[in-house]
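Given below, in the form of structure tokens, are the structures.
In the two complexes that follow, chain A is the common piece, with chain B as its partner first and chain C second.
== the complex of A and B ==
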């Protein structure tokens, strides 16, 4: 009898731990470094892809209420996945899509945009990758949603945009505009 | 091509596994006296297939075959060859394949080396081990296949995380896995022994070798990880109570307890059930470690790419194994012959039991500290973080009685000892140690609770273990390991108490004074390397007698872009000088951290000694 109770208690205990861990798996666990930059460095200057002119990032995030700064490359596979979302964002007309072409060949980048469509109002090039580091990037693709008025990053998206992130961006734009 | 070969050989291994489970349970039923040659050949085929699969992955990494998704995600053409190879197990998929490889090879070795033992016991071990292998095979094939194809083939990979590009880290995971996987053999064979009713001296003698080898590998594996953290991460310490570090420490405590208990089982034929429970617990802890690290339930520098389906798989698999073990334990526990020989309070077996209690206590502290935040978050959603102070407060005071028992315990005799006569020798050493530590504390003006008894007992253990080398009543392996441990405790104490840190913002040409030393920031230059750019600073640290130059770096890796700080460390046998700097935005200032760490080398050296004791024990002839 005593042995049976012991047995049942141990079984129940292992099941309890099992369910706690199972529950624990559901919680989102996207980890972002805490000391990320909040403000965009408006004095960061980059070259334009098509006409090679130096422009200041601050000048670009002026026209609209919001901008999304997207770091991409033609050799990056996930960038292809997220490309449609960027095109859709462009269509909404309420957001400026700025691309930073990361460590890419000019010809490949242009071909990429010709094949898949160009969502960007401006494409800047970052040949050696240092400018992206200054913006706080840790990989490609990465997108920053920026509030143009105070030049602050509202949200960082590490990895390709997907349906969930896309909807979230639209929601943020809608809510903060009013 | 390599992709297909690797993939199909895994399927063949899967079929071999199914066949082996079927065949071994069949042989057990028919009570065959000799090991079926079919089983041996099926196992050889399986081992060979997993080997082929593993080497085809390494091959894909070497030739940078980016049609393989794992290679694409974790490699890059500009990476040095050495890191291309080590990159193949530096990621989730590849490391699981390595794990599988070790599982099969260990089983193969087990089968060869256990020829003299009962056939049923060997068959049952094969059966249990194959259950584990099949679980891993399914896990690899269906949730983390390292041989997925990419089309169109990308031109360039995304690179291996640069902090993983370190020689210590290239060998740290394989050695740690060897230790982890060794516990699976202990698990399978202890369940088999339980079913056969042979939890006795013979089994203890046989399984002790496996316990020792897993223990040695686990110890060295943990040490290598710690060395990597010290030299590469640049946080200026060797143990951070990071959840993933803890996860490797938990099976270590359990295995250490098991190691000592098996000695009692071998000599006195008692503590049978406890040995089995420890074997099950050790393996379960190793497996939970995999779960905690791979499922992304923990946040840590080690967490691999998160994928909840992987977590659910390992969790269910773990539950099945644990339930299986519990059922078998309760059903076959009756078979354990109760040994009615009397135990006395003052005996070696009691001392070892005390060692076990302490191990279980340390284990519980680490377990609670690691798992409790997860539980709390699930139950009421609040986030807490448990840091080093928790562990230090709970573990450090209990080291005092632990060290005392460790010093005295091994001196006791088996069965019954006479404690009424006070050992004058020991008493003198004890008083001497306390006096030394008191003077030390007085001299350096340290004010920290427990420091006198801690140092005192550390020295006491140190002296006793040295004296042991000249006595004949313990084995050589025990002498070396215990002496190593006393050295370890002393180095940690000195290191913790006498470490000094200095941190300041400096620019080129600045000088700072610290501990009668002058730290001078001499110059800064930019160096271009193959796969990174580097800012190299030059510092000079001088006092009246000597001066050293340290040149820490900040590296900007290109694939993927990452900034890492490389500390520069000058090590001598007395102390380490540790210097690291970080870039601050804007002006020419850099944040400089200088640390003086005494006896750092001795920490590594003492851990090597501890494991060396194990190695000696492994090769010792049975007496």
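== the complex of A and C ==
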């Protein structure tokens, strides 16, 4: 009798553990950094893609509009997917799209923009990836919606922009403006 | 043959010298990057990882060291950008207090249990 109850307890216990692990499998186990960095570092200086001039990030976001800071690279496939959304965002009033070219060859970057269209009002380069880390990025593509008035990041989008994120951006801007 | 040996000696001394000057800085980089979690390839440290993110992170750490920043300043800088999760060695604060206290409690509790069992005998 005792042997039987022991056996049942062990079976139940292993089943219990099995289901806990099964549940754990479904959970996304990738940690994404919370939006800890709220302010954009306005003193971050980056080179311009076409004329190699040093620009301060603060100079580019000094009006009353909104900016999208988009980190991209010509070798990054998801960047091609999101490119159309960036072109659409460019046409939207009160948004300026600033591109940061991540660890890329200059010629490839220029070809990429020539082939697919250039949504950026300014293209900056980050050759060794350190500037992106200063911005708090973990890879490409990544986009930040920035309120130019107070230089604060409203929302970070890690990964390519899609329909849902695009609509959300428009909605946020509509609400913030009022 | 003697000449060859002599040249070999000189060569190895030069190599040794080059190595030691380079090592000083990179030791520090290694030490810091071993304590940082790579956010792209989770489960690996920045030191172990060869991802773009980790490589850039190592360059950045090198730059910061050359600027004269110390270890804790670099951790603070990165925590400010990526949150506490990026360091393997979490600080004691409101969110992590349980993490630090629970093992202690378990240890004390277990100790009491053992002492009780032994003293009963």
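Basically, the second predicted complex is superposed on the first by the 143 of 178 C-alpha atoms of A that agree within 3 Å, B and C clash if a C-alpha of one lies under 4 Å from a C-alpha of the other, contacts with A are read in each partner's own complex, and residues count from 1 in each chain.
Here, contacts are C-beta pairs under 8 Å (C-beta built on N, C-alpha and C of every residue); 3 or more make two chains touch, one makes a residue touch a chain.
Please read all numbers here as calculations on a predicted model, not as lab measurements.
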{"item": "Contacts of A:117 with chain B and chain C, given as first, second, both or neither", "value": "neither"}
{"item": "Chain B versus chain C as contact partner of A:103, first or second or both or neither", "value": "both"}
{"item": "Touching partner for A:11 - first (chain B), second (chain C), both, neither", "value": "first"}
{"item": "Partner, of chain C and chain B, that touches more residues belonging to chain A", "value": "B"}
{"item": "Which superposed partner A:75 touches (first chain B, second chain C, both, neither)", "value": "first"}
{"item": "Partner chain in contact with A:23 - chain B first, chain C second, else both or neither", "value": "first"}
{"item": "Which superposed partner A:136 touches (first chain B, second chain C, both, neither)", "value": "second"}
{"item": "Where chain A meets both chain C and chain B, residue numbers", "value": "29, 31, 103, 129-130, 132-133, 138-139"}
{"item": "Partner chain C, residues of chain A touching it in the complex", "value": "29-34, 36-37, 103, 128-130, 132-136, 138-139"}
{"item": "Contact footprint of chain A on chain B as seen in their complex", "value": "72, 150, 154-156, 158, 291, 295-297, 299, 303, 306, 308, 311-312, 315, 319, 322-323, 326, 330, 374-375, 377-379, 556, 558, 560-563"}
{"item": "List of chain C residues in touch with chain A within their complex", "value": "39-40, 42, 52-53, 55-57, 59-60, 63, 79-83, 85-86"}
{"item": "Of all residues in chain A, those that touch chain B in their complex", "value": "3, 6-7, 10-11, 14-15, 18, 20-27, 29, 31, 75-77, 103, 129-130, 132-133, 137-140"}
